[in-house]
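Please find the structures below.
Two complexes come next, and they have one chain in common, chain A, joined by chain B in the first and chain C in the second.
After this line comes the complex of A and B, so read on.
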């Protein structure tokens, strides 16, 4: 636990410490809000032209796009913790201290905390901006109960985040060049499969199975059920998000530990990254 | 008590195009409280050996124990009792202060908070960077980063500490302080200091025993004094004028075991340090050089250094060997 807490503290310092922390939050919130507003505006223009604007769809997009920016931002941290850590030699040192798992988990949690804050700000800002600019009020409920259920979903999402984080960290052990493109590809995949901006039912049948097996799909659905409704969908989606999140966590753990052993055998743990 | 044991350690790196034997049947033992040096040119296998002993890399064959724990099967136990400082200039988290960097690693080793805080102050005082503790890492000079790196290796009070070229890039005075620290840590805390270096002066000054390594093989292990005294052959420094002629490999000269050449391209002079088969063969060497068009201004007999020991074993100096490895 001591190792994990130290890693979370260091992760937060690393995430927020490169300039003034409030500025970091602002700089992270602006693009997240902008992407939510862009998606809503695209819908608004198209739907207005067709004469069929539904505020329910706007609420759907606000929640999905806000959470999508949350998911896509924290997948950077495990890759950075390992591949950048190999360049700065921090990852081999953490490995020698027998703390690589706690370290990666701590860095993912720190990034998760930071991006959750950003996602919440983006959600609130987008909602307000749409109210002001478009003059519509998307049917989002911000009662204490709704917000509590939403927060609970985000917490449950942490296990899926850790699972994905460990898988990416496993990949990063074998990376010999800084591959900053990878998180972009993965977030692109998440956009398609996680029901962030369109329903899974719009996908071809085989891809729907993939989407349903992803915890992120259910995290986003549970969040929508919490904030938009209907609330009776929440327990099922929450349950699926929890179970699939744990399954991803265990898979990530297995893959990472195997990668670490293989990396040690092949000499990749402390291989410099160009 | 024996703290480090290597038995027939071998490591082979294989890729599709080539096979490199980085360590070849290496065996040795290092005692508690001993400063043990691993001396060899770049590419000799020093870092590979340290990577295995610090559990970063698995050996291809052989066995290694640290304080009785096998580095392959008991890696967790080994990790809890070792410290390691690499030669890298950039070690740590850039946007985090030196103090927080040290604190973070102390927590990974489970050091109690109060103990960690006082240990950080103590190490910063010894290594003279107290005034740098609250600066972010990227603001520190290379020398201070190196000191921080050494402090980090000692933060968990390890029984065995591995240092890989620890004084690289340090000024003379800082390097001296670090060497004194190594001696003190070994004597007063009974730590085993395992030092990989290609700095002969450093090995001679600080190490109780030195292992000379080349191309993955340990060529000799003994105290610096014994290694030098084993070299019964004379070491001679020749001051020459090359006149543009190429000296080539001194080992090709009749009567020479091996040697090094330092040419000053501006003046065309060269200092040739050679180990002779015997004193009587000096005349023959001088004639050989004259024959090549190289005139010898003066010569003097020198006390042997550890590099001379290396030359007598390999036939070449460190820099010549490094060029071989690069080729």
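After this line comes the complex of A and C, so read on.
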């Protein structure tokens, strides 16, 4: 636990310590908000031209896009921890100290804390900006109960994101250049397959099965149930998000530990990223 | 003397461009990696246009995916480049060599444009195959709009390069913070100015100060509404003026930074 806490502190220092922390939060919130606004405007332009604008769908997009930017920003952190660590020779030292897993987990949690704050702010600012720009009030409910359920879903989402992050960290152990290439693809796939910006039913039939098997789809659905409703959908989606998230976490753990062992035997641990 | 200067300028620009071109075309993995973000984003947004009820507009998302690669390249390979060169110690070689700064910057831009071309083309081809959006046939006005959009965009990159040099080591963070807001205001994936824009007039006026906004607006009108030069000329004239202004500002700023740097020694410090 001490190692984990030290790693969280290190991660927070890395995320927030390069300049004034409020500036970091602002610099993260502005692009996240812009990303949400772009998605809403695309819907607005398409739906206006078709004459079928529904404020319910705008609420759907605000929640989905905010959560997508949140998830896609912190699933990078394990890969970044390994690749940056290899460049700076931190990672081999961490590895020798037998705490590589807690180091990675700590970095993910630190990134999760920073990203959660950004996501919540992006949710609020994009809601306000849409109200000002488009003159509509998306039907979102920000009562303490709704927000508590939303926060609970984000915490459950941590297990799935950590699982995926560990798989990416395993990949980073062996990659010596262009290590950011795969996460870009995975982040893009998440946008398509996690119901972040359109319902799974808009995908061709075989792809819908892939989307339903993703924990992120259920995390986003549970979040929508919490903030938009109906609340009776929340328990089912929350359960599916938890079960699938744990399955991804266990898979990620297995893959990472195996990769670390293989990396040690083959000497990839201290191979620098080009 | 003049001939020698012109020859030197061309050789420097060509050499700097070739470094970029060879780096990209000599490594197909680089192209594969660069396609991912724009392609998958434009596919997702094309699905959203379809879901919103107007599949004919999927072309907006595909065109945006093709052009956003250039905006990314301007930020990461133009604006931040001199800052990285400073950190690696290359900038001091630029300043002490007889190579003209304008030639280096223009060469860097040309190399960036040619290096980004495959990513842009792949996104357009794959997006078109998947969604079959209704594009108008290519015309001279489209070609002119495309060229002027890129020159204005890379001109902005030259100006930003000098600005980043002053800002110090936070180039990556600034790029991260700038990419999405500028993409939003520029209407890379939806019309942010003019016909069909959902933004209020004040915001449209601010957005019009960004070359990418005027370029995307003109490109959309040329590609989807087959508008000719007679209709697009205000955008094209503004892009031309923006190109000249950005290059002049960028080069002047760099010369100023160089002069100050030579006096104080600040600019040539290699950062760890």
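By definition in this document, the second predicted complex is superposed on the first by the 273 of 274 C-alpha atoms of A that agree within 3 Å, B and C clash if a C-alpha of one lies under 4 Å from a C-alpha of the other, contacts with A are read in each partner's own complex, and residues count from 1 in each chain.
The rule is simple: contacts are C-beta pairs under 8 Å (C-beta built on N, C-alpha and C of every residue); 3 or more make two chains touch, one makes a residue touch a chain.
Given the structure is predicted, the values throughout are model-derived calculations rather than measurements.
After superposition on chain A, the partners chain B and chain C are seen to fit next to each other with no clash. Of the two partner chains placed by the overlay, chain B and chain C both lie in contact with A:18.
Touched residues of chain A were counted for both chain B and chain C, and C has more of them.
Of the two partner chains placed by superposition, only chain B is touched by A:88; chain C is not.
One geometric descriptor of the composite model is the angle centred on chain A: between the Cα centres of chain B and chain C it reads 80 degrees, in steps of 10.
By the touch criterion defined above, A:209 lies against neither chain B nor chain C after alignment on the C-alpha atoms of chain A. Using the contact criterion defined above for the overlaid structures, shared-chain residue A:145 touches neither chain B nor chain C, since it reaches no partner. In the superposition on chain A, A:49 contacts chain C only, with no contact to chain B. Shared-chain residue A:96: touches chain B; no touch with chain C. In the overlay built on the shared chain, the residue A:269 is in contact with chain B alone; chain C does not reach it. Within the superposed three-chain model, A:188 lies in touch with chain C and out of touch with chain B [touch as defined at top].
Superposition on chain A leaves chain B and chain C with their closest Cα atoms 6 Å from each other.
In the superposition on chain A, the residues of chain A contacted by chain B and by chain C overlap at 18. Taken together, the chain C residues at the contact with chain A in this complex read 29-30, 32-33, 36-37, 39-41, 43-45, 47-54, 57, 60-61, 170, 173, 176-181, 183-185, 188-192, 196, 198-200, 203. Within the complex formed with chain B, the residues of chain A that make contact are 2-3, 5-7, 9-10, 13-14, 17-18, 87-90, 92-99, 102-103, 264-265, 267, 269-270.
On chain A, the positions that touch chain C within their shared complex are 18-19, 27-28, 30-32, 34-35, 37-39, 41-52, 57, 133-134, 178, 180-181, 184-185, 187-189, 191-192, 196-199, 202-203. By the touch criterion given at the top, residues 13, 51, 54-58, 75-76, 79-80, 82, 84, 86, 88, 90-96, 100, 103-105, 107-110, 136, 152, 156 of chain B touch chain A in their complex.
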